[in-house]
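Below are two complexes that have chain A in common, paired first with chain B and then with chain C.
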Partner chain A sequence: MRVLSWLYLALAYAFVFLPIAVLVAFSFQDGRLPVPPFKGFSLQWYDKVLGDSALMTALWHSALVAFVSSALALVMGFLAAHALARVRLPGSVLMRGVLIAPMTVSYLIIALGLLTTFNQAGVSLSLWTAGIGHVVINLPLCFAICYAAMGDQQKNAERAARDLGASEARVLWLISAPMLAPALGAAFFLSVTFSWDEFIITFLLTRFDVTLPVEIWSMLRSGLSPATNAVGSLVFLVSITAVLLMEILLFLRPR
Partner chain B sequence: MTLQRAERRLGWGLAAPALLWTLAFFVLPFLAMVVLSFAHMEGRQVVQGLDPGNYIRAFTDWSQLNALINSVEITLTVTVISVVLAWPLAAIIAWRVPPRFQRLALLLAVLPFWTSYVVRSYSWLLVLGKNGVINQALMGLGVIAEPLALASTRSATVIGFVHFFVMLLTLTIYANLIQLSPNYARAAQDLGAGRWATFRHVILPLTLPGVVTGAFLTFVLCIGDYITPQILGGNNELTLPQLIMLQMGRSGNFPMASALSVVLMAVVTLAYAGCSRWLRLDRI
Partner chain C sequence: MTANVSIRSVTQRYGTALALNNVSLDIAAGEFVVLLGPSGCGKTTLLNLIGGFAEPAAGQILIGGRDMVGVGPAQRPTTTVFQDYALFPHMTLADNVGFGLRMRGVSRPERRARAEQMLALVGLPGRADRRPHELSGGQRQRVALARALAVEPDVLLLDEPLGALDLKLRRAMQDELKAIQTQVGTTFVHVTHDQEEAMAVADRIVVMNAGQIADLGTPREVYLRPKTLFSAAFMGEVNQIAVQNGQTALGPLLPGTGTLLIRPECIGLTGPLPLGPCTVTDAAFFGTHIRAHVTPLAADLRLTVHLPQSTAIAPGQTLTLFATDHHMLSAP
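Presenting the complex of A and B:
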């Protein structure tokens, strides 16, 4: 039983890592095809990718959309969570439902709805229209995480501040936000991750100023190439670094 | 009384941006899409109306209905395989791996999640392609003489999906298993249950919330995905999202694409109704 367990674990990890290992290994291929046989070690594809201005522009667009849309979603989600958790409003259950609803709908359908609406309204497609779509998918996430994190402890601190004469804006900025900092950080990090990797909304809602996943998609049309491997490996490297940094920060945080 | 009214006004004010954004960019577009699904095309012109023709076509025209059937079949296959593979993996991590290494084990299991989604599908092409790793290895060993057609098949789509969703299900099932007190198993064994009976009647039912939550997420994300079937499955048998993109792109038939999207939504809603009893979406 014990041996079987470890064998299963090893096989599972092999399955999980196989394509990624192949991806990274053949990004160093000294040849035109990223498949065996391995013809020798070369950094030429990284050189090519890092010098590709279309890719670098897409990278910049991805970062811009990810950070701006996540920040917007976080602010709106936090304020709405505060309102619905603290103030007794008529219809608050319905409002919670409406705010969470986009989470249960496929991105493709959200994108198609927005595309229809923008077409009818005569709005021309750009990075901004894609950004609007990203806020739509990240808002429910930020709202849900903030809402779940609002506990009684904060409630008392907020009430104390209010009794001492703080305006609602000061309460939000000086009491609620700092006390919810871990939740706010997690919501922002997740939003950036989803937005960074999002394909279909950006694909349908931008025209020329595309993001990294869409640019990679257009690279795939020309078939297998070690250049695509190199881009993929770089994205992997950046993400792992970010995840490890998060882990270390969480680990070092005094408890 | 006035205090309460002031408080309410403040509440509305704080909730307003998020609510208006969701109404303007989610609810309204969705309604516009539903309205559009009852329109039809004359030439390349959209004619508004109350025409159920698109829906009739979705369920009677074989090329359209086939996409729905393919999607449901692929999604169910992926969900079942992923659950069956992920359960033992989660159990081994929760029960066999020493506690202080469990976090590391999970982190490693979901590491490929951090590549780009498009790139992950592409990397399976390198493994399954005509001159990919598997074919080259088998031909090198002399097992086969001609390369097997592994890519551009339904199997390739399923493998690509399973690779992603095993990671997701391992997380949800692990989260469930780690909360179970070992006393349940001990109590069952004290009462005379064998190992199999303990597993079948005690442990497995207790992990149902984690399994169903993960399986539902798998179902929803899998049936709505365009990338994996497009890259790995090719154009031999279309899934619903591929057909929607085709209707929109090549034929510019937005009404038909809208109707198919509403059908896709309906399938997801059915799945939700089917497993809402066990769903714990708020506990993820």
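Presenting the complex of A and C:
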């Protein structure tokens, strides 16, 4: 039984990570095709990818959209969570529900809705519109993480700060935000990961300036190449770094 | 800095429940007042109203003669020491204590100097760079006190400040609290449900029950000359003997109609008011005294008495007892 359970564990991990492992392995392929047999180790594809200005521009765009949209989603989510956790408003349960609702809607539907809205409003598509799309998907996430992290300890400390003469803005900046720093960091990096990997919203809401996933998609249309693997590996590296940062912030914070 | 507090006909409701029912109270500048009562009596509600954390449904609160209506906690000349300390965990003790001064635009070096001075006052010198999680409960409460006093409030509000401490530490902190209050001269309004704590620190005790003031006076007055039965019972154990036109179950003791109140330690083997011969039903050694229950031969009554340690006493024995002090609460 012991052996079976370990085998099951190994299979489960293999199922999840084998495609990624294969992708990364063949990014080092010394040949023209990212398929077996493995012909030898080479960094030529990384060299090619890092020298490709279209890819590097897309990488920069991805980072820009990820960081700016995540920062916006975090600020909005934090403020909403703070208000709904602290102030008893009429219909606050409904407001909470509506804030979280976009989580349940498929990205495709959100993208189509935004596309229609932008067209109607005469807003031309750009990285900005893609960024707005990312705020829409990440705001519920940031809100939920911040809301869950707010406890009585913050509430009492905020009350004490107010009592000592702090204005609401200073209470937020000097007390609430620093006390919630681990949750805020986790929400931010998780948002960055989601935005960084996101394809369908960016694909539908950008035109000339595109992000990395969209650029990879257009590379794929011209056939398989280890270069795609190399850029995919880079994307994965960034995602995994952000997730690790989030986990460190959320679970390993010193007490 | 210090100021008087005047509470005028204050009423407060939570939904349909009446938390405070037409309460009026005058607190002198520099006075140490304790609001004492069981949970739900309205003492914390009253403290929150003074601190500006809530607005009264009716009535007026004046601090230093100034009407506080519409003035938030930040603008009031009050600060609060909370039961759970509510320290800022991400700041050093110096930054915690200096927070109120920072909000008032005091420069960093000046804040630092003042924080060190306040930490020394509460018995934590040289700890300015520590963080709250490095401290024990008692030390955290001292920091909370230093933080609240650092801005030199006119009135300091203490919401069950010693409630989370163990008994021994609580008794030690009471003495310090009283000493600090005498030193700074600020008006202290302290909420507790512990009557011993109240007597240890208060200039004046306000006993509250069901949203109203049941009694108020010095610890001696409230303990020995209570104005209501509630106050008499809340302040400690008391023997109650009904008096009807001068007659009691023990025979004629006092003129009038009402309730005769005698504290257990006010019963002894000599005294001005004879209670007659009593049979001891049980007795136990309590360290500072012997606690016994006795039944007067004349009546079907059970009295609790505290006798000196040295008294030789055994169940079944008959003693002639006297009241050394008593208080007659006349029926309205």
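By our rule, the second predicted complex is superposed on the first by the 239 of 255 C-alpha atoms of A that agree within 3 Å, B and C clash if a C-alpha of one lies under 4 Å from a C-alpha of the other, contacts with A are read in each partner's own complex, and residues count from 1 in each chain.
Simple rule for what comes next: contacts are C-beta pairs under 8 Å (C-beta built on N, C-alpha and C of every residue); 3 or more make two chains touch, one makes a residue touch a chain.
Remember, predicted model here, so these are calculated numbers, not experimental data.
Contacts of A:110 after superposition: chain B is touched, whereas chain C is not reached.
Contact comparison for chain A: of chain B and chain C, B touches the greater number of residues.
In the superposition on chain A, contact of A:179 is made with chain C only, not with chain B. Once chain A of one complex is fitted onto chain A of the other, the partner contacts of A:163 are limited to chain C, with no touch recorded for chain B. With both structures placed on the common chain, the touch criterion links A:247 to chain B but leaves chain C unconnected. In the superposition on chain A, no chain A position is in contact with chain B in one complex as well as with chain C in the other. By the touch rule above, chain A contacts chain C in their complex via residues 152-153, 156-157, 159-167, 170, 174-175, 178-179, 181, 255. Considering their complex, residues 51, 53, 72-75, 78-80, 82, 84, 86-90, 99-100, 103-104, 133, 147-148, 151 of chain C touch chain A. Taken in their complex, chain B has these residues touching chain A: 7-8, 10-15, 17-19, 21-23, 25-30, 32-33, 36, 85, 88-89, 92-93, 96-97, 107-109, 111-112, 114-120, 122-127, 129, 131-133, 136-137, 163, 166-167, 220, 223-227, 231, 241, 244-245, 248, 254, 257-258, 261, 264-265, 268, 272, 282. Contacts from chain A toward chain B in the complex involve residues 2, 5-6, 8-9, 12-13, 15-20, 22-23, 26, 33-37, 75-77, 79-80, 82-84, 86-89, 95, 98-99, 101-102, 104-110, 112-117, 119-120, 132-133, 135-136, 139-140, 143, 148, 168, 197, 199-200, 212-213, 216-217, 220, 224, 228-229, 231-232, 235-236, 239-240, 243, 247.
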